[in-house]
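All remarks here apply to the structure that follows.
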Amino acid sequence: MPETYLPTVLDNRRLTETVHALRLQSAELARAARPGQFVHIKCGEGNLLRRPVSICRAEDGVLTVVLEVRGEGTRWLSQRRAGDMLDVLGPLGRGFDLSHKNIIVVGGGIGVPPMLFAARAAGAKAAVLGFRSRENAILAEEFRDVCEAVYITTDDGSLGEHGTVAGPLERLLREGGCSAVLACGPRPMLQAAAALAETYKVPCQVSLEERMGCGVGACLVCACKTVVDGKEKMRRVCKDGPVFPAEEVVW
Amino acid sequence: MTADLSLIFAGVKFKTPVVVASGTFGFGREYGEYFDLNDLGGICVKGLTVKERPGNPPPRIAETPMGILNSVGLQNPGVDAFISGELPNLRRFDTNIIANISGNTVEEYCEMAEKLSSAKVDLIEVNISCPNVKAGGLAFGTSCQSAALVTREVKKHAAVPVMVKLSPNVTDIAEIARAVEEAGADALSLINTLLGMRLNIETFRPVLRNNTGGLSGPAVFPVALRMVWQVANAVSIPILGMGGISTGADAVEMLIAGADMVSVGTALFADPYAPLSVTRGIKAFMERKNIKSVTDLTGRILPY
Amino acid sequence: MTADLSLIFAGVKFKTPVVVASGTFGFGREYGEYFDLNDLGGICVKGLTVKERPGNPPPRIAETPMGILNSVGLQNPGVDAFISGELPNLRRFDTNIIANISGNTVEEYCEMAEKLSSAKVDLIEVNISCPNVKAGGLAFGTSCQSAALVTREVKKHAAVPVMVKLSPNVTDIAEIARAVEEAGADALSLINTLLGMRLNIETFRPVLRNNTGGLSGPAVFPVALRMVWQVANAVSIPILGMGGISTGADAVEMLIAGADMVSVGTALFADPYAPLSVTRGIKAFMERKNIKSVTDLTGRILPY
Amino acid sequence: MPETYLPTVLDNRRLTETVHALRLQSAELARAARPGQFVHIKCGEGNLLRRPVSICRAEDGVLTVVLEVRGEGTRWLSQRRAGDMLDVLGPLGRGFDLSHKNIIVVGGGIGVPPMLFAARAAGAKAAVLGFRSRENAILAEEFRDVCEAVYITTDDGSLGEHGTVAGPLERLLREGGCSAVLACGPRPMLQAAAALAETYKVPCQVSLEERMGCGVGACLVCACKTVVDGKEKMRRVCKDGPVFPAEEVVW
């Protein structure tokens, strides 16, 4: 059941210049969390709205989130220290359908963390991770621990393959033997992954982002356009998603 | 002493003076996972239109200092789908259901009022103040003539009490309140959102895809309170006060200023339990001050 | 690249587009102890009336979520005392002096405009939007007719450019802006404060001795921004935008929305140096974005 | 010169259930402070306005303020811990005129702290301190260190004399030999002290309170009605006061 919890920060580890991993102590959150779900975190008194952050790991009573400083809210979060208490609503949303064998997970930038949770839970066949540059790469070791193969690409070629995730993903799909693509990252990346998966007739699930109000499905501000049974339908990223079958998304 | 929170509002009995605001609570299903809907005085459901509406394109929300802007644009399944698909579920709870309606024409308001009366909602809230849609909405709410016209016609078609929701985007809200009262409204609710805007300075684009949106949340509370006071001085029908209420103390202020009941909206987004803590806060205040009935709080202001 | 912050506004040269808002900066003496007044684009002085006014009884201020309510009620020494006692001191600085005037009658506005023109202030700001006084003030600012009348008459008596300050407490601010432009105004400033209220729930009394007051500060920023955008789309005379600006980013938003200059008011109370940091913030933004002249920022919004 | 400073909290000592003494490290503030002046303190991001708090002591680079929890702002202040930084504007206002011999200081409730600064600076002849009850009494020892005599009254008689400060003050004035009364506290107490001083023809100065905006004299929200040269005049508590000659105040 989603609920409001007041977990304590166990530690705050800086992964890159702007990305922090926070481990939160909460048996309930860790137990209830599913890959692809997110939590909605209150970021200080100054900010009225909570901030949605994906769950990166949930184990042994500890929930890990990885966040990039983008504005005031994420800056406030990045400054939390061990012992601080957070106000967290969650876990929220519909996560990934992991009832597939031989899953490829695809993550781009700050879309990488939730894919670790999915990869771990699914025992993914391969992970394809895209970053801007070597300095922005995160969690590569963790993926190597849980995936059979990990492919890294960078926009500037400073780490792994030069280019986008599309390269390794296409090769993997061409090789065959994979039965689902799961992706989170910037919209163009999701669109490219979905297009490739379609070409190779592999089902694809994408995790979308949208600005949120309530986070629980009541206010309808996080709408995204989808097609269900040939009919256009506005659905809620927070409640019907954030994960959607790629073929339902109107890009 | 146990404070009595119940009251009769526009002829309808409410267990508590705390309801949830239209558009912030959907049709009750989502927050119903968090608390017992039986604990609410009432539920104003998401704004209904004659036909299904997809609403405006996203982004539909922007944050502002102690407020939010929304431009949902009345996304809803249409009045018929509400009656068949949502109302039966809501009826399982012992709380009042207030149907919020928005029409493109006076006829549309009337059509919905008829259907919802037959479906036996407890109250109809006539929204003439939505700032996020082109036709209808705000246009009806900014002149005395059109506000009175909608009210009069809806009254002819409604078999349940009619509450009219006023816009704060006007020069003189008391004047409109009086016109609506004269036209036969059973109650008033206020305020809807204040029209506002935010820009992204990196892209030179509005944050909202709709350019502008409606401001709600604590930022608007002092404006809402002033308007409730002005309207309470101008009319004798009951008032549902709202705009930025997030604590029991805020609600008490609103009641003292002249509201008979209060709505909690945006506060839900920070705290899903806000309507319950607001209710508890009102009760605790009354017991501390030895005020027996919540009706004794309404309009208790001592202006200078 | 060094960004050029200077501009011509209503025919007057300003070193920077940042001025301080009337009523928040007195006659410059106090904040002049904190920073060099030469660093300001201009100073809008405290609202002047024909005769000395003691203002409203205290309390005159209440805090609200990210805002304040004030009900000072135009306490000032009168226009003559200003000209003899304060203007000479202000004239020592290389910054524009904007005299803000409020009349009980059209004649009073004209009388002050004449005196202040002779005294050679740089601009006259006609306040038709003060919510804290009974006669004059807001009454003139809520109808197109009276707003245009005051503007037309003041223009006949003023020998310096005339800027009219608009009230946000209206249904359609663009309509009033157009009326004032047609009546000959050289510029517009907006917004004045939104009428609001707070209560003390222990005493059932309003916090302000005047019952209501004017809301300013970050809470009103999204409303101010929307109004500046609407007015910029409606008129071609320059606009001084204000309402809740406290950072360089806020000011940039306001300029992009269509303001030619910005005012900083309430932000001073939290940080006496706010006008300077706002100026630096605009400059840094322009340099980062490679924008040479601040006039290239104005109205650069890309609405959907 | 008044300025904005960012002093560090040295310690936060709880004096009663609701009253805290904060010592702030700031050589500049301590050097510039005069008895009767106040500082204007920012109380967290949630509160737009600063809060005026009188200076209780200023010595050796340390400024002490004593505050009572009354609402959100003072609650926030009362929760500051050693090492926290505050945003303080000051010292502000016109303090007491200490150019008298044989001064009597009078303080009531949370009006007591600024009188300690005045008593210490003036080497006061006597202090008369009024409290609601024994539990609310503060700083009595500190006054004994700097005054020749200290009289305490409580509304309920649980400490010192039963009654108000008017009792001891009248006796002291009747005895004679004192040349000025300086007072800070609730308005009725100030009014009573002023009336007694007038009766005994001793000049009296009172420190007033009013809700403030800027704190520096620019916004005119802190107006109080005074009479100067037979003419009514609104003056600013923050800049023309907070200390006024009692005979100028229109009660």
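Here the chain labels run A, B, C and D in written order, and each chain numbers its own residues starting at 1.
Keep this in mind: contacts are C-beta pairs under 8 Å (C-beta built on N, C-alpha and C of every residue); 3 or more make two chains touch, one makes a residue touch a chain.
Because the structure is predicted, anything quoted here is derived from the model rather than measured.
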> What whole-number Å value describes the gap between the mean CA coordinates of chain A and chain B?
Replying inline: 36
>> Roughly how far is chain A from chain C, centre to centre by C-alpha average, rounded to an integer in Å?
In response: 47
>> Measuring centre to centre with CA averages, how many angstrom lie between chain A and chain D?
In response: 56
> What residues in chain C touch two or more of the other chains?
Replying inline: 62, 66-67, 217-218
>> Please output the residue numbers of chain A that touch at least 2 other chains, ranges allowed.
In response: none
> Draw the chains as dots and join the ones that touch; what shape do you get: line, ring, star, complete or other?
Replying inline: ring
>> Taking the top-of-page definition of touch, could you list the pairs of chains it picks out?
In response: A-B, A-D, B-C, C-D
>> Using the touch definition from the top, list the residues of chain A that touch chain D in their complex.
In response: 44-46
> Across the complex, what residues on chain D touch chain C?
Replying inline: 1-4, 42, 47-50, 89, 210-225, 232, 234, 239
> Which positions of chain B touch chain C when the two form their complex?
Replying inline: 62, 64-67, 69, 142, 169-172, 194-199, 201, 203-206, 209-212, 215, 217-223, 225-226, 229, 244, 249, 252-253, 256-257, 285, 300-304
> In their complex, what parts of chain C are in touch with chain D?
Replying inline: 23-26, 29-31, 33-34, 46, 54-55, 57-63, 66-68, 70, 72, 75, 217-218, 266, 268-273
